């Protein structure tokens, strides 16, 4: 790559927006789809990198580094890093909000106040995070150190990755795969393996039983969930999340034809994210903290956060598959579809909180029973109903 | 009265006569409303308890209590009948130098822990008890803390 | 009389959707508490109302106290100690000192105080930085907002009164029991007169000892002044004084 | 044909035999003393075969204070605050029992009003204790809402305690010969209002517990105990009545004035965990009824009726015992007095001490997840267990 050294005089020569639309960049990574977070990060890099290049140019005039910094491939590469940060921070804040919401709503349902630290209790999340990070990093003597550390980082990592991969709208996504739902489902199903291994590695009976239970749970709830995902894909004609949302906007929200599937999937998603009433893997009444027993301090804090990431993903999946995603019935996408999507997700999360407040914990054998004997037939019935509708041409009239 | 028949709801008087007729060693020291107090030699404890359980329908043994009277020890049993609320208090004196008495755990399972407790606190050995170990106090104790010879601070 | 709950439950298992009702109840409460305040009290800012007879730390009216030691005698945790203290007129008097680290807040000191000097107070926030700070001396025990309800009265009915059909008469315990002297045991050591906190005991000369020629002293108890604190009984070296209980 | 099948059948039988013989490793799980399920300082060792519990052994004694020995060092009135500390949830009943035992030894009769006030206080205490138990069952079954709702209701009764005797839990209220103080002004109005309010609120909690199939299925049909077993292992109180033993000391061996109030004793013959739960819940309603009747009796006795009789400080020599229906079962006190103002020996029979000794019977064949839910029905309190 040969660059021509140009004479630069002012900073505005570096921070140059005119005529440079993000999608005009030859190295634009999302083909022909506009990506809002990338556009933001591209602009941000223009400002940061331009200022940087200008500074370097000021000190060492007529050097090639400044030009290189502002060249098209480097711009894309570095704005991708900023893009990742932006996506993560947005998801992180959304998760913290759902954590705060759980604390507040659960408090009100139990006739108490919930957290009270700053900003109506929102800063309690920050305080908790700080507290867990300040704690001593204790590792028990007799654990299998390798798996102990690896599995927990994988559980956390997969959950965060999963949460980042949820598209918030047509223009807010990380990858636009055609098999979007399947990828999310695959990642979603990954964590229980690590939980099983982690429970084994801790050399603790509670943790081991917790890990076993997580595996039990995974086996019994994955299958109905997959069937229901397939049903939705069948109805929409695609696994692509954007296509599913569009299909729902064009016909009806899918919870109307798939009401059975909606309820079943909601409970399956609750079970997959290991929330009450299906939190047998960390049933604190009998197993102390289940598979998390031996994790202390920061690790435990991150695990708890990962739990909420998974809860957020579960709600987002319900929203995408049954509640029309980011689209509103008549308005369509609207000015800020991301907000619409998040509001719907939090509504589903509120339902989860309600279930948590009202119900007790299910016994492991009952969980397997419910999974195989109730949810599995229900999902098949749902599939049959959808097949009938599809074959009967119901959706052609809408 | 027929001492071998089974009575489900024996009255105080019936219990008194039955016990004294069947076991001449048992001395009924008094009766109140729904209460019978009796004294018996320690060799007879299991036999009498078996009879009270089987024939007089005393299904429940409330407690086994040890008392240290310095010159001798005493074990007190409180037996209760679930059909009419009658209670029998049996007490057996035990000499200090040979603190042995038959266990009644084989008759009432619930007595198990009470006997263990009485053993660890008073040193009364219950022969035939399935697991006569220390329960409330640490396993390393070698004395019997509730005996009068064990003085508390402030006791002269 | 009938069963209230067992009449309606257990419900038949055949009822469908058996998880809806609890959620409805929870949602109802949620809707209520979103607009109303929840029942919890924001503790350091709001405090619950406590009645007058609330048993917080003990309080003491320094001037009313006679230093009889009844509180120390009745205290089940032995946290009260009678210490020497300086009164307003410079005299050294005996007053109780309470170790709140041991206090069980049972209120016996207030209940058994014959002159109602010891009271219960509604103060319950008693945390201190050191254990030494938990020692409340007689002056520190003072509580300035003492009301009539905080002075726990010990009023009883006598069994003899009930038997005589006079059941509504209530008397203070401290006006009933009086120590009684067994004349033969007394050696006239004047100890009882010394320890009496209200000076109810006078040593009176009752003849002369024939052998030594010294006067024979015997305590005479002023029944009105006596508060039946039984200090004299405890200190009598020959057990000549016995509390005569009125029942 | 039979010949051709025979080897297959034999092979199958052999496999079956192997499967029968095959033993999986059983392991001991130690729950406690630092465990969220143990409501107090105690340990439960359970032996599990996979998820199923085959053996259980409770270990108590971490809180042994030598209560009985301590009392030999104190005068009679001083033991009343100590009896409070036997159990924080049922303090009133233990004080009451102690006072009754000493009164029996003294041979004295206490005034009618004191008896009824004690009944009211006892039943308030029973409701308190049962609500605490309900809260514990709720958390052990994984529902925290029940815990907080039950605790909220309990708070109103604790407020009543504050108004009556100045303290929330360690009430120190009954005295030898009566009660500490007369009922305060408007106490009867307050208590009737609280009871009415409580009954409504209890239905809400019941809706959370009984109308939720998850919680019912967690309790129904597990941990069966027959009537004979229950009587033999010494289960008492609601746990025993849930197994079909029709016995309540308040009704069948009445003390104070329980024979003058009208109430039902709930008895169920199912013998499972759910039956034990139902007994306690019904008992709360019955306690409300008893409170209403007793308050009416107190009002009829008038304001100036005697409530406390002077008791002598010395107890004549002799042995006496008294038993009463504690919220958790039969509690009994045995007093040996020697004519001084201090007891020679005072023995407390705690209901939980015996109930928890039958943990093996209750836990056998139960899954790990149900062990807390089953043992929550004992309503564990370590103060009285270890004494």
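In order of appearance the chains are A, B, C and D, and numbering begins at 1 in each one.
The criterion applied here is as follows: contacts are C-beta pairs under 8 Å (C-beta built on N, C-alpha and C of every residue); 3 or more make two chains touch, one makes a residue touch a chain.
Not measured: the values here are computed from a predicted model.
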Most extensive contact between chains (C-beta pair count): C-D
Middle chain, criterion being Cα centroid separation: D
Of all other chains, the one whose Cα centre sits farthest from chain A: B
Length of the line joining the C-alpha centres of chain A and chain D, rounded to whole Å: 48
Euclidean distance of C-alpha centroids - chain C vs chain D, Å: 30
Computed distance of Cα centres, chain C from chain A, in Å: 64
Cα-centroid distance, chain B relative to chain C, in whole angstrom: 40
Per-residue multi-chain contacts in chain D, two or more chains: 145, 152, 208, 212, 214
Residues within chain C bordering two or more other chains: 19, 22, 25-26, 29, 39
Which chain pairs touch, all of them: A-C, A-D, B-D, C-D
Residues of chain B defined as touching chain D within the complex: 34, 59-63, 65, 67-68, 76, 78, 80, 82, 84-85, 87, 89, 91, 108-114, 117, 135-138, 145-146, 150, 152, 154-155
Complex interface listing, chain A residues touching chain C: 105, 107-109, 111-113, 116, 354-355, 357-359
Interfacial residue positions of chain C with respect to chain A in the complex: 19, 22-23, 25-27, 29-30, 33-34, 38-40, 42
Chain B contact footprint on chain D (complex, rising order): 60-61, 64, 66, 68-70, 72-73, 228, 231-236, 245-247, 249, 252-253, 319, 321, 323, 330, 332, 334, 336, 344-345, 347, 349, 353-354, 357-358, 386-387
Contacting residues of chain D [partner chain C, same complex]: 74, 77-82, 84-85, 108, 111, 145, 152, 155, 159, 162-163, 165-167, 170, 172, 177-178, 180-181, 184, 199, 204, 206-208, 210-214, 216, 220, 262-264, 266, 268, 274, 278, 281-282, 285-286, 289, 304-310, 312-313
